[in-house]
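Here chain A shows up in two complexes: once beside chain B, once beside chain C.
Moving on, here comes the complex of A and B:
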């Protein structure tokens, strides 16, 4: 179980100002700016949960992850993970967590992947039989058999990410931190990685905490979302609750032949080209089926598509709502 | 220790991936130190003796300092390149692994191309040991070993101090090179030739002379006291503040981030 209570973290950053004279002045007396990276952050995550941790750049996501991993010490507050305080019992704590930094590799560049795995086995003092079971299982789950003998440098980004995730699971951690695991991956690899994370969570009951900017990750993976902005936890709930915060409006894309339909109350045209209309619909005023039948009565419709607000737009709207 | 050997073989494997580059760099390292040796030769062929030390005796100095330095650099390269490790976030990775930070930094880089220099030092030893006029007893052989081993450890300590500084400045500090590269270059000659002040500095502050000048006096029978034989061990005290300084840096890093 992960429990954070009133975690605060401030950084002192030297102010930098333009201009030569000021740069010289800064050599002798520096002005500092206090940045509140985290402001009374509290949450609890139970064993086996899968949590998406989202927020704009610089909101404090990485700082929180680093505190939970034992890399950073907060100014004050309580953080207990399986009964341990990460920064006080670093070695004991990290034995039970796995960390994947999407932008950095933990594999050796020039040697076959399996050699890196063997080294990790020794670093974590993994028992040989446990290592073998884990390796076999991960090889099958992630389809690694072809990749293990290949040096990391000749893997594609997607293949590498699969190996990275496997590498951080070799010691059977109870908690897995994934920092932007799908960054830069193509569509196929993204889906593969997501499926795999799901499987791990379901089969091994590993707690997964995931930061991402890709809302499809969140939609595909997590039931619970933590939204952080300017160092504060703004929202803790599931996707449906998140959706409540955004408007219910629908977008209708209509293709028709002949005369353009007239638009009634509740619909607004956002774009009109010949034969094509993009209409924004407010379902509280006019239901979707009502709107379509109205349009169909007036014109010969070739194609109609209805879309809700994408989660991307939803999050953008949320950021705006909280002005972060 | 087993883990360290594992890292050792990984580095070996990695570097052997680029065999040609490896051997060329190694030969380069050999030639550079060979050039330094030549300059020493020309200098000494003009003056014959420096402060009463003959050419071959100076060579003993040269070889032991070069050997110690190159060993430290080969195995302790992780500290030498530590600013890079901080910059690219590899240090965060070290912190999320259940091993001591020092071991991991130490094991993070090894540079076997330094074998070129070690080889050079070995050749010089082969030449200078019989010609230096030292009557080799068991004690004196031990002294020579202490000079090399402790020398390498003190240089290693300097690398740690250098690494620790980078917690505070992020960018590497060139002034430390005066002590590391400089220590090696000036270590060609017994440190005493640079004057009283420098000798004191290198005795009490950064104990480079403790593994070079004083045991050399014992080797050459200038000082007969056994105390001089064990001065290299005294120099190891330097590792304590170096270690403490590094740990202080780690604590600071953990509270401020990079």
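Moving on, here comes the complex of A and C:
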């Protein structure tokens, strides 16, 4: 179980205006700015949960992850993971966690991937038979058989990310931290990675904590969402609750032939082209079926599609709502 | 212990990949070695008795220094470590169940020995066949050679332990450029990289011989030729053990302090 209580973390950042004169001045006296990266962050995550940790850039996502991994020491507050305080018992703690930092690599650049895996096996003292089982399973699920003998430097980003994820699971960790695991991946690789994460969570009961900017990751993967902004937890709930915070409005895309329909109360045209209308509908004023029958009565409709607010818009709206 | 050996192993393999760099290194070391030996030989010709080391000892000193450059030279920086601190890759090193000091120590030793292994053979081969008096001599006795081997290992330890202190400072300065140039010049000079310590003026030499830098290449390179022999050589080994232990203790303390305030650069 993961428990954070009132975690605070500040960074001191040297600041100066651009330009030569200011740079010279900064040689003698520096101005520092205190950045509150985390402000009384508290939450609890149970074993086997899959949690999406979202927020804009600089919100404190990675800082929280790094505190939970034992890399950073917070200014104050309590963090207990399976009974241990990560930064005090770092070595014992990290034995049981797996981490993927999407922007960095844990594989040795110039040697075949399998050499890096062997090193990880030795570092975590993974039993040979367990290592072999895990390696076989991961090789199959992530389709690594062709990649294992290739040096890391020759892998594409998607191939490398699959290897990175495998590397973080060789020692059967109880908790998996994924810091932007799908960053820079193409659609196919993203789907493969998502399916895999889902499987690991379901089959091994691994607790997964995932940070991402990709709303599709969140929609595909997580039941529970933690929204952080400016170092504060703003929302802790599931996707449906998150959706409640944003409007119910629907978007209708209508294609028609002949004359354009007239628009009644409750609908607003956001875009009109020849034979194509994009209408924003407020369902509290006019139901979707009513709107469609009104339109159909006036024009010959070729195609109608109805969409709700996308998760991306939703989160953007939330960011705005909390002004972060 | 096994995990640190595993790190040693992979760093060693990784460093063995750079064959072209090694070939270029060998060529440079030859040129440099000959240049130095010719310069010294000119001085010796002027007055052979004015020098604190026999010419043959100096020749062996220079050839060994060039052959095992990667083991002993202070300017040989472990860029994996400095880049990890400067660029934030340290995050991945801290999520391993390992002691970071031991890990970096193993990594540095591996890198240095792999590179030395790649470069030493051609240099030693040529150094043993060039005409006298530029030819490298054999060690005077087997015990002397054994002491040379032990002293080389200790010397590598002292060099790595000293660089470790420099690496820790990067946690505070966030840049390795400054500390690197200071270390390269001052430590390099006091370690006898440019000229052997016996060539220093007496007063400076007296101080330099007590400093930890004298426990670096100064010891093995002089023990090899018998410039430091017998009981003196044993004392030399003890001197190296003393500085190695002290530097490791200091390095570990400094590193533990630094890790409490570590900031991972670059998000």
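Points worth noting:
Note that the second predicted complex is superposed on the first by the 321 of 324 C-alpha atoms of A that agree within 3 Å, B and C clash if a C-alpha of one lies under 4 Å from a C-alpha of the other, contacts with A are read in each partner's own complex, and residues count from 1 in each chain.
What we mean here is this: a residue touches a chain if its C-beta (ideal position, glycine included) is under 8 Å from a C-beta of that chain, and two chains touch if they have at least 3 such contacts.
Fair warning: this is a prediction, and the values are worked out from it, not measured in the lab.
When both complexes are overlaid on chain A, chain B and chain C end up clashing with each other. In the superposition on chain A, no contact is made by A:322 with either chain B or chain C. In the superposition on chain A, A:123 makes contact with both chain B and chain C.
Of the two partner chains placed by the overlay, chain B and chain C both lie in contact with A:108. Shared contact residues of chain A, touching chain B in one structure and chain C in the other: 11, 66, 69-73, 90-92, 94-95, 97, 99, 101, 104, 106, 108-111, 115, 118-119, 122-125. Looking at the complex, you find that chain A touches chain C at residues 11, 62, 66, 69-73, 90-92, 94-95, 97, 99, 101, 103-106, 108-111, 115-116, 118-119, 122-125. Considering their complex, residues 2-3, 6-7, 10, 13-14, 17-18, 88-90, 92-93, 95-100, 254-257 of chain B touch chain A.
Remark: chain C residues 2-3, 5-7, 9-10, 13-14, 17, 88-92, 94-99, 260-264, 266-267 touch chain A in the complex. If you check the complex, the residues on chain A that touch chain B are 11-12, 63, 66, 69-73, 87, 90-92, 94-95, 97, 99, 101, 104, 106, 108-111, 115, 118-119, 122-125, 151.
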